[in-house]
Amino acid sequence: MTPGGILLEDIYFSYPNQNIFRNFNINIPASKVSVILGPSGCGKTTLLNIIHGIITPQKGVITKEHNNTISYLFQEPRLLPWKTVSYNIELILKNFYERKQRQQITNQYLELIGLSEFADYYPAELSGGMRQRVAIARAFAYPAEIILMDEPFQALDPGLKLNLTKLFSSLWIKDNRTALFVTHDTAEAVFLGDEIFVLSAVKPSNVVAHFTNPVPREERGQENPECKNFEEELYSLLTNA
Amino acid sequence: MTPGGILLEDIYFSYPNQNIFRNFNINIPASKVSVILGPSGCGKTTLLNIIHGIITPQKGVITKEHNNTISYLFQEPRLLPWKTVSYNIELILKNFYERKQRQQITNQYLELIGLSEFADYYPAELSGGMRQRVAIARAFAYPAEIILMDEPFQALDPGLKLNLTKLFSSLWIKDNRTALFVTHDTAEAVFLGDEIFVLSAVKPSNVVAHFTNPVPREERGQENPECKNFEEELYSLLTNA
Amino acid sequence: MKVFTSANEKKLSNLRLIGLISTLFLLLLWKIISIKIGADIILPPPEDVLIRLIEISKSRNFWQSILKTTIRTLYGFTLSFGLGFITGIACGSSKRVSAALSPLISVIRAIPVMSIILIAMIWFRTDMVPVFVCFLMIFPIITANVSQGISEVDRSLIEMASAFKLSRLNILFHITIPSTIPFVLAGVRAAVGVAWKSVIAAEVLSLPVKAIGTGIQFSQMNLETAEVIAWTVIAVILSKISEFAVEMVIKSRKWRSYQ
Amino acid sequence: MKVFTSANEKKLSNLRLIGLISTLFLLLLWKIISIKIGADIILPPPEDVLIRLIEISKSRNFWQSILKTTIRTLYGFTLSFGLGFITGIACGSSKRVSAALSPLISVIRAIPVMSIILIAMIWFRTDMVPVFVCFLMIFPIITANVSQGISEVDRSLIEMASAFKLSRLNILFHITIPSTIPFVLAGVRAAVGVAWKSVIAAEVLSLPVKAIGTGIQFSQMNLETAEVIAWTVIAVILSKISEFAVEMVIKSRKWRSYQ
Amino acid sequence: TANGVQEKKEEIEITVAVFKGPSGIAATKLLGDNFQPGFNTKVNYIILGSPMEAVAKMTSGEVDAVFLPVNMAAKLYTKGPRFKLAAVSGLGSLYMVSTDNSIKNWFDLRGKTIYLTGKGATPDYLLRYLLLENGLNPAEDVKLDFSAQAPQIAQLMIAGRAETSFIPQPFVLQIETNSNVAKTVLDPQKELLRIRGGKQAFPFTAFAISPKLYENRPEAAASLIEALEKSITWTLENPKEASQIIENYGIMSAVIAKKAIPVSGIEFVSAAEAKESVEDFLKMMLDLDPVSVGGNLPDEGFYFSK
């Protein structure tokens, strides 16, 4: 295991009525963007939860650096309904910054996701995509060494999606933190991911395929035929499985 | 207005703190699949709600056939947490069928979305994509003349997405009911939509573009270059707007 | 075809009308029952009570009694609410605290007022006894509601908060307490009536100099049933006013949850 | 590095220990206070009460009193719960019904027990008066909780249901009622203690032949404080048992909401 | 002060408790004059709601002189803080009232429902005793209903909803004046005298004093007792003024007090004079239920003498 990375060995996990992982192994490299692909219900969210520590596997060894701070973008926005948009972001910065600085960071991220005008709205007054964006801002704003994201760019229009993937890329290049995200969008996977893991449809789930993105980050893009090919490979793997 | 279609004229609607529609007009043709595209937060969900009658515009005229039954796939799954998957579907069939038949229909749709095994699960025990599929099954199972869908195939892996779009297409061909759906996925729009409306980013929102799909339904597909072109046109419209 | 123009105001006045009719109906029912019973000493007709009410409202003692009883009720309510809320939060947030406090709370919840009144009389001034009784009644109601509220907190939000390493205090103030608000409101709604009732009942027992309960007891001693009911009407009106205040607070809440 | 193996059982017995210690602490406190007061007539020490408890538990009257009081409480609780639940649902579901019933509910909520006891005596057998009093106390608690619960129902689910044209009855049974369950449970939790308390208090006033309240009153008149407390202990135990039953019911709920 | 001699002892404060309700009538003049006995003894008067409250305060030492039922006084002497009987301030004023005028003697009560108050208090014991003596079993031959308080019983009687009740003054009077059918049919005072052959009506209310008072200031205690006697005499002679004082102290309303004063059995009997009847009464209670007087009769020391 590289330092800053995460290593899961022989993980066993089951919910009361079904077994999700048995002898599950995965090695998330440090300072890279890893992507998890896999059919609906195969255990991707469960895996992120195990890595984060929200749920505890019944057996197995998880090796990660002690005291690593982790930011988590959940599959659902999970905003506090009784707090405004800006307060929802400010709140999670409390451990790190003074009030002034918190507000400044909050405003900066609201700007980035295009919701500055909506700072004082309550979540119930937002559209689905807007809530997702607030959740994105929150996850990005949180200072952490590892970032986990569960379908981060869902519910967004193509324009926003493009902007936000680019935004993520540019933010990531600054600090190269270990990132792991789940997506159903192969284009996104190819554009952002350095390592790509595909989980199996049958449970207990396992990593059925592992790719290293052949295209260096700077050269990736819709136009690049290598990317196109790689994406098509992934797409056909997922649609035939 | 063609019978079975929906005509909105001079609609004015605003939430307490912002104005969404002013002099808004749209004509949803009968017995066709119409698609709405538009940036996050522009008012797509609001429009569906107005068409359904869940919210009432402050001014304007809505013309639709009396007593049209409408099925609605909401942007969120909106399942009853205290009912099992199968009961969530069965419940909305109560007005139409006997118990036996309800169960049979429920099972049939669960089969179609691949969740037969999970019939007795509670929503909290499902993954995000699985919940979305239950919501899809519910909307499809409901016998209605008009179907409204808000981002129907979100949170699904590419394989499922493909299957379910095909499923929708095949179901639709049987009865040709008026369908209107919101999506952020241009491929989906081109594959399913006969009429495509694009809403504006600036509010009050309006229809900024209206396309009629040049490719007949039978010939649509990823491989068809005409489809590709049309999709690219839409994509660039959305990403530049 | 539907055409929309704005119009939506009649409803409210309609509801008021229904309320009025129903109040009149209750008065009528009272009148009928009083005729049926045919004994003013048991249930005098409404008009007699009104006359008596006007008569007693002329004395200074009357207004002082109302004031004192109101103060006692407010005092009892505030005390029980404060302690009940804190206890409920403490019990709901930690299983250990809950285990430690649970015997005491069970005793408070269950102890018959009569059994503890002797001790209460030693510890409190007479006119505080009603406050104490009020506490015994309301404290468990608030605690029960708050701790139920806590056990219903959306776990996905708690998960989110601990994922972002929010401190226990932040979780408490920004997630737990806001989530319990609907339950606290339910508790308050329930407790308001009980507060008045228990204060007045305790006043009837301990007879402080100025008190609605004392008024009731004296009138009853004098077999002045109309006066007893006049005091009762006052109690009902006071309770109604406080209920109204609570409703105002409830309505002033800004946010609502979304799914 | 974290290695996981299963182990998680000590906690429960730990909590039990805390509960036990805290109970012992209360007993000790009682002992100390009783020594401080230094008058058995006001607060006898725990051991005296235990002895007295054993003594009175030998009589048949004792067990009959417990039985009768329990029946009254169950009766009062069930009645108030049933009516309170239905009324709460009715008021919460329709603004008109709510407007129509609200004057009556306000009166029930606010009317001092003393003022209505005569009428109750005319209408009921005297040993039903405690049931009636219990009703007056609990009915508003349940109604308040249920109607708060209804006003907190997730509107997106109601929207969903009406989009699918579910009948009002289906909405009621499959959405409204399940959503109010947490509130109903909070109400029940709060009401259980109040039920015992109010039945016993009313028994102290109306002195039915067999009743815990009668036992308390009789002992108090005779300054047999140890006996008063012995009865009190019984009341606390009974209330604790019913609380426990309620907790069992609450825990048996299968589903939980998700966000 | 009543006494010219300056005491050397330092001043002590004592508290006299007066109850709301008929027993408080006896103390009218004490209250009205704020009577001080002298002997460096300062007296405070407090008004209490119920004997139970007094019991609490007697035990905690907050009250030094009090009016309460005789059997309770005895019990507090034997088991509690050793209060002594200083005088009797009220005699029985209970009557059997009924709308059924066929009741001529106690045996006629057979099969009746009798409303009365205070289970475990004097009326309960007394009625049971009288029924037993007249060959009736209180548990079977009659139905005793304690479910209402005295005023409520009166209301029911007046409204014709209750037939027979065993009730104290001034409610007897209230019932008789407001109902045209209900009448006093039996007098337990007389019946008790008949059975036990005493000379005096049975003692109802005792004036009891604390060790602090009778040990430290016997002179002040005597002076207080004397003043109580005067107060009672004055009250009986001046019901109009007395009732105003009674209302001012919140003991009863003036209207009702005026009616109650002549009929409530307010009477002063010194401890010495009352001893025989008190003993007899306590004996009667003891035979009926030992618990009611605390297991055994109080000894000689119970009766205060200067």
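We call the chains A, B, C, D and E, going by the order they appear; numbering starts again at 1 in every chain.
To be clear about the criterion, a residue touches a chain if its C-beta (ideal position, glycine included) is under 8 Å from a C-beta of that chain, and two chains touch if they have at least 3 such contacts.
If you're wondering where the values come from, they're calculated on a predicted model, not measured in any experiment.
Contact with both chain C and chain E is made by D. Mostly identical positions are employed by chain A and chain B in their mutual contact, as over half of the interface residue numbers are shared between these two copies. Comparing the centres of all chains, each the average of its CA atoms, the largest separation from chain A belongs to E. Two chains share more touching C-beta pairs than any other pair, namely C-D. The centroid of the Cα atoms in chain A and the matching centroid in chain E are 85 Å apart.
One finds 39 Å separating the Cα centroids of chain D and chain E.
Taking each chain's centre as the mean of its C-alpha atoms, chain A lies 27 Å from chain B. Centre-to-centre separation of chain A and chain D, using mean CA positions: 49 Å.
For chain A, the set of residues that touch two or more other chains comprises 76, 78. Counting partners per residue, chain D has 37, 42, 118, 122, 156-157, 217, 220, 256-259 as the residues that reach two or more other chains.
Counting partner chains per residue, chain E shows two or more touched chains at residues 52, 55-56, 59-60, 149, 152, 155-156, 161. Those residues of chain C whose C-beta lies close enough to touch chain E in the complex are 37-39, 41-42, 117-119, 121-122, 126, 205-207, 209, 214, 218, 220-223, 225. Contacts from chain E toward chain D in the complex involve residues 52, 55-56, 59-60, 72, 75-76, 79-81, 118-121, 145-149, 152, 155-156, 161, 291-292, 294.
Of all residues in chain C, those touching chain D in their complex are 11, 15-16, 18-19, 21-23, 26, 37, 42-43, 95-96, 99-104, 106-107, 109-116, 118-119, 122, 136-137, 140-141, 144-145, 147-149, 152, 154-157, 182-183, 185-187, 189-190, 192-194, 196-197, 200-201, 204, 212-213, 216-217, 220, 225, 228-229, 231-232, 235-236, 238-240, 243, 256-259. Taken together, the chain C residues at the contact with chain A in this complex read 156-157, 159-160, 162-167, 170, 174-175, 178, 181, 254-258.
Listed in rising order, the residues of chain A touching chain B in the complex are 15, 17, 37-41, 44-45, 75-76, 121, 125-130, 133, 151, 154-162, 184, 186, 235, 238-241.
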